[in-house]
Amino acid sequence: MSQQLAAIFAPGFFTSQIVQVAATVSAVAALVCGTVGVFTVIRGQSFAGEALGDISTTGGSGAFLVSAGPLWGFGVAAVAASAVMELIGIQRPRGRDLATGIVLGAGLGLAALFLYLDSVYDNTTGATVSIVFGSMFAITSSSIPAVGAFSALALCLVAALGRPLLLSSVSPELAAARGIPVRFVGAAFLLALAIAVALAAFTIGTILATALLVGPAATALRLTRSPARAIAAAAAIGIASCWLGIVLSYDSYDWYHQSGESWPVSFFVVTLIFFGYLLSGLPQRRRRRRPSVASDPASGPTLS
Amino acid sequence: MSERSSNGGASILAVDHLTVSLAGHEVLRDVSFSIEPGEFTGLIGSNGAGKTTLFRVILGLQAAHGTVLVGGAPRSRRNPLIGYVPQKFQLDPDVPLRTRDLVGLGLDAHRYGIAVPTRARRARVDEMLEAVDARGFADARVGTLSGGEQQRVLIAHALIAAPKLLLLDEPLANLDLRSGNEVVALLARIASEQQIAVLISAHEMNPLLPVIDRIVYLAGGRAASGTTEEVVRTSVLSALYGHHVDVLQVHGRVLVVAGEAGELADSGDHSHTQTQVEIIA
Amino acid sequence: MFSGFMVHAWMVASIVAIVAGLVGFFVVLRGSAFVAHAIPNGSFAGAVAASLIGVNTLIGFGLFALFGALSIGALGHRGRHDVATALTLVLMLGLGALFVSLSVEYAPEVYSLLFGEILGVSTSQLIPTAALAVVCLIAIALLYRPLMLSSLLPDVAESRGIATGRIDLAFLAVVALATTMTVPVVGTLLIFSLMIGAPAAARSFTDKPLQALGLSVAIALAIVWAAIALSYQTNLPVGFFVGTVSAASYTVGRLCAAWRRNANRGRSTIHRLPAASR
């Protein structure tokens, strides 16, 4: 038994502080992303999530310039970008992608500048790769308090918005009819989204952040029927993918003795999430297109 | 059920013993009716009665059992005899597309390549804009038009290809009463002037009653067709719904009223209280 | 600024701008900005893979761009690509992360792949770029009318026998093609701002679709030329200028549109009275 376990968990896995920090931070990030992600998918804001993730590159590279912690850079850039998106008009369904795209383009332009300056001042080119692709194993335990604070903020926001957020995500018209300030709720949610993305970017890299945000949530929404269960399932899937990714990446040290390098943990996490999504489509395909046809006159009263 | 048997021949649309199943559920069952050229027909049924499904069948987009003849020939995709006006239409005001551009697309959008702007093409577009009273906003962006104006533009878009049968899916659903009446009057004029058969779906029949030649009433997956007097009667509609309904005339408007189905089954007692009565059409 | 290798940079950049302006017009019309972001971004992994095994990066770009376009088309249904796009993108980027980590000395090139290397364009890139551009132009010209109708009124397009699914896939393939040729020049991340910024700005200036298309190309050219000139003068990365000038041109367009609306308000109501009174 212990031998089989040892085959899965390489020696030193559980005692390594690097692994412990990575597991903790990724679990917290997955929890936040699962919660925020479910609403993101319902609202059809995957692109906004992806854009905010990419734009955190700007923040990360900027933070690198001024020697600040990357998480703060991610957070500040994502929050600022979400504010601009809101101003340009992300609340209109058809203009949404455009508003996101314009902000994304400008943000990436800035990222290009910052990364260039990083390489000029620091004389290394490592900043690009480490910011863009990230590595959980590079996270230090000193960042855990900040991660905790950000997570608490995002979760509190979603919890406080609660039912109005759900209703206005499912049907903005219905929400508006009940007097919910749809635009304010949307803006507040965008803030939570920005924070969640910053956490995801910190965990698996800016360019892959969407995976943690959208993947588990989309999978969970396929498997469950109620929003609360979807959030729980999304968090569970996210945490499972991260931890499994950590194990595989840690093990991959031994796969190629000659290279002396492990495969990146972000790669494993993203791949696991993607195939999870594909698998979740199988049972759904069978029950798709249940008829929603009501031919009973009593079911559809129409006044004339 | 006073169904007119489809006499084929001159009919522009002949639907015969049509049955449609969606995912194992019968949406339409043994539906038969026909429409003559230039006839204005209302397709009436509550939400989910199968109106849009019937349209998709006629357009050749939905598999079905039974025969559907359009202009005497079996239905097919890309049928130049049919013009179609969809129910949902949302265009952002930001989209650079004028009314005349959208109407022009109706002429030949299925062809590959860019349209050559000729004088004849422009004249044809102008003629259509005139026909639907849209000259006033010919050069305005489609996204900035009101619902009634957009509906007229879509009608012009469908008419420019010179169809013989015009299908309109709930064109009145999102219009105020006045715009709705304008659209109905316009369609009636087009039907008689250009000898185009119009099949218009609606969940409420009253705005259409003054102009329609024929009604096709969908309920419970089945259809009754004929003139309004033949179809909108207590006996016919009760048979269609499979339980008793009353057809009432109130202030010149027709109401179809049903009680609780279960309660009606045990006796012929029709003395319902207000809360048990439901106006269904 | 116009001598030697710079001539190639100007020429290739101009070709890229023309294609981006043209394809971008439909990207914006269809509201598929996300797809236009995902396909170039994800195909970056292909370039890294190609250089890992010692193949021309253009082939890697092309294969991955096409793979991305097809899987987005297959996973999303009836034009709804949101989640499918996100997940296809991250899968490809995950592979990119793996390939980057496998190639030891690759780090400096990651930057140029992501943000472009327009000033280092060589003669050998001119011919394939021009060839792919011509293919893109022909494809767009052929698809123009059915693509237009199925973008605007998918229901009507279907009723007229246009295979909207196939048109959708064809358009995704065109985006993939445009990506393949443009990305080595302006980088995966910034081709996107060119494809979105220019057409989005163009539609603020005109109501006519063909004019908007032409204007979109013109603005894309202006953005790229300005970016190269500025980059040459300041020695800062060209991607920075492409991104910021695109966003600036969009902002100017929006302001102009708002101003035009205000100026037109009085006139258009009088203009429309006869129709309303009927």
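Note that the chains take the letters A, B and C in the order they are written out, and that residue 1 is the start of every chain.
Rule of thumb we're sticking to: a contact is a pair of C-beta atoms (placed from the backbone, for glycine too) under 8 Å apart; a residue touches a chain by one contact, two chains touch by 3 or more.
This structure is a prediction, so every number in the text was calculated from the model and none was measured.
Closest to the protein's overall CA centre, chain by chain, comes C.
The most distant chain from subunit B is A, comparing centres defined as mean Cα coordinates. Looking at contact counts per chain pair, the maximum sits at A-C. With centres taken as mean Cα positions, subunit C sits 25 Å from subunit A.
Taking each chain's centre as the average of its CA atoms, subunit B and subunit C sit 40 Å apart. Taking the mean of the C-alpha atoms as each chain's centre, subunit A and subunit B sit 46 Å apart.
Residues of subunit B in contact with two or more other chains: 94. Multi-chain contact residues of subunit A, defined as those touching 2 or more other chains: 94, 98.
Subunit B meets subunit C in the complex at residues 59-61, 77-79, 82, 84-89, 91, 94-98, 101-102, 105, 108-115, 133-137, 139-141, 149, 154, 157-158, 161, 167, 182. Within the complex formed with subunit C, the residues of subunit A that make contact are 41, 44, 46-47, 49-51, 54, 94, 97-98, 100-113, 115-116, 119, 125-126, 128-129, 132-133, 205, 207-208, 210-211, 214-215, 218, 259, 261, 263-264, 266-267, 269-271, 273-274, 277.
Listing the residues of subunit C that touch subunit B in their complex gives 29, 141-146, 148-149, 152-153, 155-162, 202-204, 206-212, 257, 268, 271-276, 278. Touching subunit A in their complex are the following residues of subunit C: 28, 31-34, 36-38, 41, 82-83, 85-87, 89-91, 93-98, 100-102, 107-108, 110-111, 114-115, 187, 189-190, 192-193, 196-197, 200, 236-237, 239-244, 246-247, 250.
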